Each structure stands twice: as C-alpha cells, then as structure tokens.
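Each structure below is given as structure tokens.
Two complexes come next, and they have one chain in common, chain A, joined by chain B in the first and chain C in the second.
Up next, the complex of A and B:
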C-alpha cells in the first residue's frame, strides 16, 4: 500500500517507520478517519443538490407520495414543460442574460484601466480605492439601495433595465478592481519598461505587451461579474416592478408561496435551469478566481 | 536607466521613469471608473447617511424635512427592530463560526493526498456558484414537511413519527434551519480561501516537525496555524459582514417568519423601506447596522492583533 502512495505520504511513512509498528497501525486508523470525514463532507455538500435533481424529474404522483424516494421511479421531463408554462422563464432568462452580459462588459471596460493605474502607482488614490473596496463590502445594501432608488427615480430609471444595469456595473466594480489589480501586478513592469526602451509608445506597450498577458485574467473577471449579476436578487427585486422586465431569480420567487406538493416539480425544474449557466461558467473559472482574489489580497 | 538603478518591482521607480506625462495619463485611465463610483456608490452612501436624519417617505407630496435625531430615538424604542437585531447577531455568529470550523476541517482534508479530492472540489463549486434564490428553493425542498428528504430520512431512521415536522414554520426550528442553510451556502468559498492559505504553509517545516515526533495537533498549532492566521482572520471578518447583511437566502426560505423569528435586520429594513415606504427610518436602521458591525469588527481585529503581539 505504501508503495502506491504519493511522495508526501512516503515521507510520512518514513516518520512512521521510526516509531515502529504501532505507528503504522495508527497511520491506517488516521487515514480511515480522514476518509470518513471527507465522505461526510461530500454527503453534506451534495445531498441538497441531489434532492433538487431528484425532485425536478419526479412526476406529480411521486411528489405527493407519503414516502418520497431519492431516485424517481418514473422520471419525467413534464416538470420542465410545466415550469415554462407557469412562468415566463424564457423572457426572464433573456432579461438576466442582457443585464449580466452588458454590466459585465461595461464593468470590465471601466475597471481595467483603473486597475492598471492602481497596480502600477502607489499613490493616495490607490490607497483610497483599496479603502473604498473594503468599505463598500461592509455597508448593508439597504443603506445603498434607498438613495439609489431615489436617484434612479429622479432619472426615471426605476423599473428600467438600464437602471438595473447601471447598478450592477457599480456593484461589480469593487471586486473587478480588486481582482484585476492583482492580475496587473502579476505582469512584471520590466516587460513594459523593456518595450519602452525598445521604442514602443505607451499605447503600443499596453496593447501589445500588457493586454495579451492580462487577457485570461480579464476574461475570468468578466465571467465572474456575469455570474454575480446573473445570480443577483436584491437590486432586481427592488428596482424592477413590471413582470416582463424581471430577471430570473425574481421570477423564480413567484413559484414560491402557496405551492401545493405537485408544484414542487416545476419549481425544482426551473431552479435547476436557472443554475446551469452559473455552474458551467464557474467551473471554467474557479481556479483563476481563487488565485485572483488572493493575488489582490497579498500586496494591497 | 531605471532598470539598473531600481530594485526589482519598485513602483516609485516606474513613475519616476516616465515622469509627469504619465500622471496625466493616469487620471485619464482612472476617470471612467471613478465617475460611476462617485456618482452611484460613494454619493448614494453619503446620501443614505443623510437620509437617516430626515423624514423621507415614498410617494409623499410634501418635501422631505430634516428631523435631526428623531429617527434614532424612535429606533431606540423600537423593540421589534431590536428583536430583529438580536436575531441578526444570532444568525451572523451562528453561521460564521461553524462555517469557519467546518471549512477549516475540509481545507485541511483537501490539503492531504486523499483520493476523491477532485470530487470535493467539484462539489464545492455548487453552493458557491448557485444563485442564492436557488439555494433557498433547494433547501425548501429538503425541509418540505411532506415531500422533503429530511423528514423522510428521519422517519427511516425511526427518529420521528409519521407526520413530519414543518421545519421552516416551527417557532423553535426556523432559525436553526436557516442557519444551517447559511453554513452550507458559505462553506465552499471559505474552504477554498483557507485551502489557498494552506498552500503557503512551508512544507519543509511540517516535515521537520514530523521528524521531531510532533503529533498532528502540535504541528497544526506550531506550523500551520501561524501561517494561516492572517487568511483566517480576513475570511472570518468578511464572512461575518456578509452574513450579517444577507438577505436573499432568508427572504426565500421564510420571508422572516414564523412570527418574525427569522426576520434579519436586512429583511426588516427592506420591509420598512419598500413595503411601508419609510425611507428615512429604514436608512437609520442601515446606519445602526453599520455601527454595530464596525464596533464588533474593530474589537475582533484589535483583539486578534493583540493576541499576535503577545505571542
């Protein structure tokens, strides 16, 4: 068994050998304990999602059964059809897509130049910006949404997609700045200086040296901004009143409330569909996001 | 010139190299983001603080007037709000603390050479990427009194009778039930952050300590924890803020019910502002929340940093 272990385990095996046979037995016990704990974690993380899946594919008769089962006996897609019938899911998804895509693109376009400056110049401005990033996290949204609501009302942008997009842009700026600043820092300034020495102009340096190196980070940040806007609920709830303009999370809450047992199927189906885009995109960028957050945090 | 004289990656050297012209360029680069921040973030924040001292209401014909500290004295006597505040603190601590310890445990496990690590990493994405509304809906299905898996499992284990509990509507069970959802929803993000912090722990130190016969607990105390501390500190502080200010999860799960048992301060303030139109008063509530968070965080951080010095 120890032969198949990875290097770290091998080193631990050496330490175990020094303490003799009891050490080996204890090590096996430790491993068993570790796997048991890991399994418990996996179950805890997975079971609500598995139940959502299970519910989404159950016919009404099984949903009403006294003893619900994990695996549907007669799996059906009926719930998905019903979900689209009961609520305007397609239109809502369209609204969500528009708001998330536009706000992510605008936020990135605004944040990238500023992040560049914040990363390259250590000035009062960059300290103030870092301070704002932190403070903006600490303030409860009520304190922000009431004045925003009044301001947008004055501009006739309440119950408007434009108003929501504006709010999303500003709302995603702090973490976009945070992450992008980290990515810019990871591009050595020497590269830019070398390009400048070789006679490349400022713009040319940025476009042909810095931008290509930043591209993966920018893409990851944009996708993250997209996901957060796609998932966002509070602002959409407050700012959009007309049902035709509402985004997916708000429309999903219309399923909730007086639901009978039979309505749980369509509810689960709709919730599942609303999650898929976020899950897929997030799977793509997860590693990069974690790296970016820490990169932003390390040297601020 | 700078390349030879400046130490590596020294930022002042970069700006010196390119001089004043670059500084104008810098403003040009900063303004596109700075203007929306000032107009739609910092501005509203200050406006919101100002509103707390007014009688602003929705749909009123008279102009909004300055009322001084009236809202604050009203707030002091508003027992409903303080109840909600107490619930908010129970929720924030009840979620943040288990979240941290569970995440730490999982991060330590994932840092070992175990099989199935990939599965845990993949599963951790689910709660993190899911819309909060969907998390709420999903757990409503789990807690559902008739069709929920929780009651069914308890029945199977012989732990409850034929008629299951209604977890989210029970006066005693509602708050613990939503706290559990909060822990579940926030755990992956904390885990991944702590895991990244763990990778900075010097492996050689660990091995040296193991050679010297230090047990797992001693190695954790002496090697892992000191390296992980800053990350742990930041992540718990941020989690506390996020949890205290959270809204969507509980809005979907219980909407503050039953009988206000899960009415977090955010839900209370939301109702005050957008159901009853009391903008000024709701802003005062927001300020009270900020004040309490700031004080708690300051105490926490100062206490922790002091702990650092004493060691």
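Up next, the complex of A and C:
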C-alpha cells in the first residue's frame, strides 16, 4: 500500500464507519417504523373483536355510558345467560356447524381432483377452465340469489339443509379450486415421476406421494371454505324458513328489534360465541396453514 | 422443495381417515335433507299451527311463550308452535317464505309492512273471520292501519306513540312549563323550551333521525300534514303544503338557526343518543314510547327522567304503524288460527303483551287496565295519548318504500343538515316522488 493511499484508505474507512453508523441508525428507525405500523395495523384489525369482548361482559348501565371503558368496571356473565335463555344458540350453532363442515368437506372432495387435473394437464381447455373459475368470482351475491332461489324451489330444496349445503359448496368451489391448483403446481412433478420409476402406479403415486404433500394446502382451503359457510348470512336467510334449521348468523338478528334497536349485551355475548369456532380452528391449524400457504407461494 | 417435516405429513393427517371421510361425503350431504319435517302434522284430528312472533325483548318473549303454552294446555286439538322471527329480516324472510310455500300460519308483523303481501294475495282477508268482540274492542282508526282495498289483512294490537323523553331536573331548573297529555306544548312552545334548555355545549333537544321519514310524517299529522293525497280515481299524489312543512322546518331551524338541537345526532338511531342524554348533553330526546325500557336499564342511578307528550299543532294526532297479527292465505286452518289470535288478544293477554314490549295496546278494554295507568315509568302518560294515534300517512301507499328510500330519506337528511333549503326539498319530494309513485299506479 503506498503512502499516498493511506489517507485515502483512512477516509474510506472513516466514511465507511460513518455510513455504517448512519445505515445502522436508519435501519433501526426503519425497523421501528415497520413495527409501529404493524402494531397499528394489528390493533386496527383487532379493534372490533376487542370491543365485542368488552361489550359482552358489560352490564346495561355501562353500555349506556357516554365515556365507555375498554375494561368493564363491573364485569358480568348475565349477557351470556340472557343470550342462551332468549334464543336457541346451541341449536343454531349445530346447524351452522353441519352446513359449514359438510360443505367444506364436499368442496374439498370435488376441488382436489379438479385442481390436480388443471395443474398437471395443461391444455387450452384447462386454461379456459381456470379463467372461468376466476371470472365466476366476479358475480355478486344479489345477482344470483333470485335465479338460485327459483332453481332450488323447482328442486324442492328451499327450506332444506341439503339445498343450503349445495349452495355453499357451489359458492366456495371456485375459490377452493383456484387455491388448490396453486398448491398442486408447487408439488414438483419429478417426485411423481420418481415414484413411477420405482414402480408405483398412478393411484398409488397420488395417494402416497402427492396427497400427503398437499395436506397443508387442503387444510388451508378447507378452513377457508368452512369459515365462509360458518359466517354466511344472506343465503341462509333467504333459503331457510323453519326456525329449527336456522344458522347462527340468522339467529343473531333476533336480538335486534324495531327501528334497529338492539339488545346490545346479549347480542355481543352471542356474537362473541359465534366467532370462537373460527378463532379456535385458526389457532389449532395455523402452523399448517402457514406452511401450506408458503408452499403454494413460490415455484421451486 | 418441501422440507422433511412436510414429507412426513401423511402419518399425521391420517390418509385413511381422510379418504373415508371423502367417501362418506355424498351420504352426509343428503342426510340433512332426510330430516326435513312436514310443516303440519295431523294425527287423530290434531292440528299444529305455526305462530311466528317477532318478540325480542326478554319480558315480551316470556309473555308470548307463556300465552302459547296456556293455549296449548287448553286446546289439545289445536296446538300452536312458537317460532321466532326477527324484525331486522322479517320482510325478506316472509317474501321468500310465501314464494317457497313455507310461510307460518300466524304472522306477527307491522301494519306498514303488510301492503305488498296484502295486495300480492299472500295474506288472508280476515274481514269475515274477525270475532265481534275483537272488532268492537279495537277502534276504527286502528283497523284502518291494516285495511287495504276495504279488506282487513291484520289485527293491529300494539302501538307506539312518539314522545319526548326529558331530563326532568333540567326542565325544572329552566323554569319551562311541563306539558301534559291534556295540555301539551305547541310546536312554537317546544321550540322556545328547547332554546331555554340550551346552555353552552348542552343542547335542548337531540333528534335521532337516522330514519327521518316516518318520524317526520307521523309527527306532521299533528299540524294537518298528510303528504299523500288520494284522488277520486284512487291514485295517490305527493304534496308538500304549508301544513306538511311545520315539523320539518322546526327541526331544521333548531339544528341550523337557533342551534338548540344537536347536529351530530341527526344521523343516529334512538339508542345512540341515550349516553349523551344520560350525561346531560341533551335535555330532551324525541323517541318511541318503548325506549323507556332501555332508559330504565341503562340510566345511571338517580337519573331523573320523565315522558312528555309530543307537541301538538292543530290537533294532538300522530301517525303510528301498529304491530299486527295476520294469517297466511295458504293456511288451511284459518278459523282455528283466528281463534288463537282472539285468545292472544283478550284484554288481560293484550295487557301482558303490552307490558312485555313496553308498548300500548290498541284494545279499549286493555287500555283501561290499571296496570297501564300507573305513574311508574310514565305508563299513564302514554295511555292518555292512545286516543290521538292515527294510521300513519303512508300506510297503504304502493311505492312508499321506494319513495322513502330514494327520495325522502336523502332529501330530509340534506334539509335537516342545512345542505338544501325547503324549496329544494319540496321539489324533490313532490316532483321526483310523484314520478316514483306513478310507476306503481299505472
């Protein structure tokens, strides 16, 4: 190193240290900003649920306060008692569970082989089918409800759980198909080819090699189908007439009276209970969903 | 590529279980359909009627269910099954029930929701079925609310006047005269009182006008306002004359001129104003009579409140749309269904239903019941107003829901907030409104 280079090197090192300090500070500031934004976003998302939680445990006097508090001053379970006393919440939850579980299972059973075909056998037809699946998502609910009602009436499936389940399956099928196609594409075809070389037949390859790798994706898709059906209100309102068949979202409206006046405490308590299955399901299979989603996100 | 953990997934996901579940799906999907029950069972001459009630408050639910149980105990051959409906969804639910042939036999609703079903042939004409006792007990102006083309399609049984719920302590401090049912305020006195009750950031009155149309039209009846005028040819035309304008102008001026009414409550529902009322921000809130229940439940300890009659114009009249009981046209047991309605609306039972819903009965004998004439919770004030309740002006007008949603609601909201003047409001209500109604009257 020459004598003339030393000062230059020193300047670079000094500049590097300065840059390093500035860069570190900038990174810290950026990271702090990111976490703050993330926290704010999480709070924004959690706000309705936290408010529901707070309201469900408040006595009527606190609900009428001009300055409401997050934490109830005199927490009570009375709202839950009233909710169960006034409306058949358990029966409605059973109806919702049946409709959501069966429709999710049927949707998955139909979507999985379809997705496999769409992902593995590329042709003009499969591309057209994928395009149609995406386009079908654009139809709003109000556009289909009247024709759907008339079709189901012709089939004697109005006021029938079977009819409602069929509608839920049809409604969730395009999205399930679209999601699962991505998952199937993420499974390298080389694995199936290797199994074939080892002597496995088509069915054995599908069952022993492809299906296990698709399991997280299937779980994620089933969960979405389940939650969509669990929360669905409009189809259930229009299609089910007999009160004993009504689902939970429809029964929740029974807490609302004339001019939109609501029995707020019991309504909040019942709504809180209605959100629990979704939360529990997410909590139980969250890791698999994340794994499944990441697997479907990139092509290896 | 997937990692090793995921490659071991098949064991955890129990492949056989999954396959078995998938194979069982078609059968599982069909199972619920097998459980579909017949709407009516008939065994040994026994019939079962379905009574869809919209009761939603705890006391009301209890009263309805108890009355059904009492009926069933005394009528083993005519059993009534209580089924729960909801005010929020009743119109859509009934519409599709009638279409699907699955309507309940006895239907609880409100008179302003009956027109389409009555004209559409979904509800039975009750004229010949009504027992004399019921016909005579309920006054003619109540029957008017459920009469379409001269036929009765519902039995009006509970009604709700609009009253002023007031902070009594504030009123006393201000020195204003407390109005009574015998001597209510005029609209001018009401405006003056609201001004005197306005202090600093506290307002004399809070108008919860999220749904401004029915409140405006019903109160305007006191100044002779009708808005809807039926001609000799039976066609209805909208007018917005001087008598129709008194109430809207009073509200507008309170909000925008003398600022004695809160602007923020214009977009609120009745319940939303209660926290501010309890905190003393508003001295008076015009609300339905049944809001007393919420006030009793939610008001802070020692909060001193009272019920005042709504202001009067040329009369104390105001429009109401009573709750009704109807019978579906498809019901094969109309006489039995009417017998149940007659039982449900016997004077003592009507009183129980009224107390449960914090409303007023329509029946004259029930209105005389001492339980509804007590000072507690101002029941007596409400009962004294019952005689001045009339059929809401829009009751039987076809096209009213569209006129209300597309023309009147945005028009009144803009007028009350000061965005448009009275002339612009009149043009919208009349010119645009008549175009809407014309489509229903061709």
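In the analysis below, the second predicted complex is superposed on the first by the 222 of 300 C-alpha atoms of A that agree within 3 Å, B and C clash if a C-alpha of one lies under 4 Å from a C-alpha of the other, contacts with A are read in each partner's own complex, and residues count from 1 in each chain.
Everything that follows uses one rule, which is that a residue touches a chain if its C-beta (ideal position, glycine included) is under 8 Å from a C-beta of that chain, and two chains touch if they have at least 3 such contacts.
Because the structure is predicted, anything quoted here is derived from the model rather than measured.
In the superposed model, A:215 makes contact with chain C only, not with chain B.
Once chain A of one complex is fitted onto chain A of the other, the partner contacts of A:242 are limited to chain C, with no touch recorded for chain B. In the superposition on chain A, no contact is made by A:72 with either chain B or chain C. When the two structures are aligned on the shared chain, A:161 is found in touch with chain C, with no touch to chain B.
Look at A:182: by the touch rule set out above, it reaches neither chain B nor chain C. When the shared chain is aligned, chain C comes close enough to touch A:207, but chain B does not. Touching more residues of chain A than its counterpart among chain B and chain C is B.
In the superposition on chain A, contact of A:45 is made with chain B only, not with chain C. When the two complexes are overlaid on their common chain A, residue A:63 makes contact with chain B and with chain C alike. Residue contacts after overlaying the shared chain place A:151 against chain B, while chain C stays out of touching range.
Counting contacts as defined above, chain A residues 63-68, 109, 166, 169, 188, 238, 253, 255-256, 261, 264, 291 meet chain B in one complex and chain C in the other. On the side of chain C, the complex with chain A involves touching residues 1-2, 6-7, 9-10, 12-13, 15, 18-19, 21-22, 25-26, 28-30, 32-33, 35-37, 52, 56-58, 61, 83-89, 92-93, 96-97, 99-100, 102-103, 110, 160, 210-211, 269-271, 274-276, 278-279, 281, 288, 290-291, 294, 297-301.
Residues of chain A that touch chain B in their complex: 5-6, 8-9, 11-12, 15, 18-19, 30, 34-35, 37-39, 41-42, 44-49, 51-52, 54-55, 63-68, 70, 109-111, 113-114, 116-117, 120-122, 125, 132, 136-148, 150-151, 166-167, 169-170, 173, 177, 188-190, 193-194, 196-197, 202, 227, 230-234, 238, 248-249, 252-253, 255-256, 261, 264, 267-268, 271-272, 274-275, 278-279, 281-283, 286, 290-291, 293-294, 297. On the side of chain B, the complex with chain A involves touching residues 2-3, 8-9, 11-12, 14-15, 17-18, 22, 25-26, 29-30, 32-34, 36-37, 40-45, 47-49, 51, 56, 102, 105-106, 109, 112-114, 116, 119-134, 137-142, 144, 146-149, 152, 155, 184, 187-188, 192-193, 196-197, 203, 207, 210-211, 213, 216, 234, 238, 241-242, 244-245, 247-248, 251-252, 265-266, 269-270, 273-274, 279, 282-283, 285-287, 289-290, 293-294, 297.
Interface of chain A with chain C (complex): residues 60-61, 63-68, 82, 85-88, 98, 102, 105-106, 108-109, 149, 153, 157-163, 165-166, 169, 187-188, 207-208, 211-213, 215-216, 219, 237-239, 241-243, 250-251, 253-264, 291, 295, 300.
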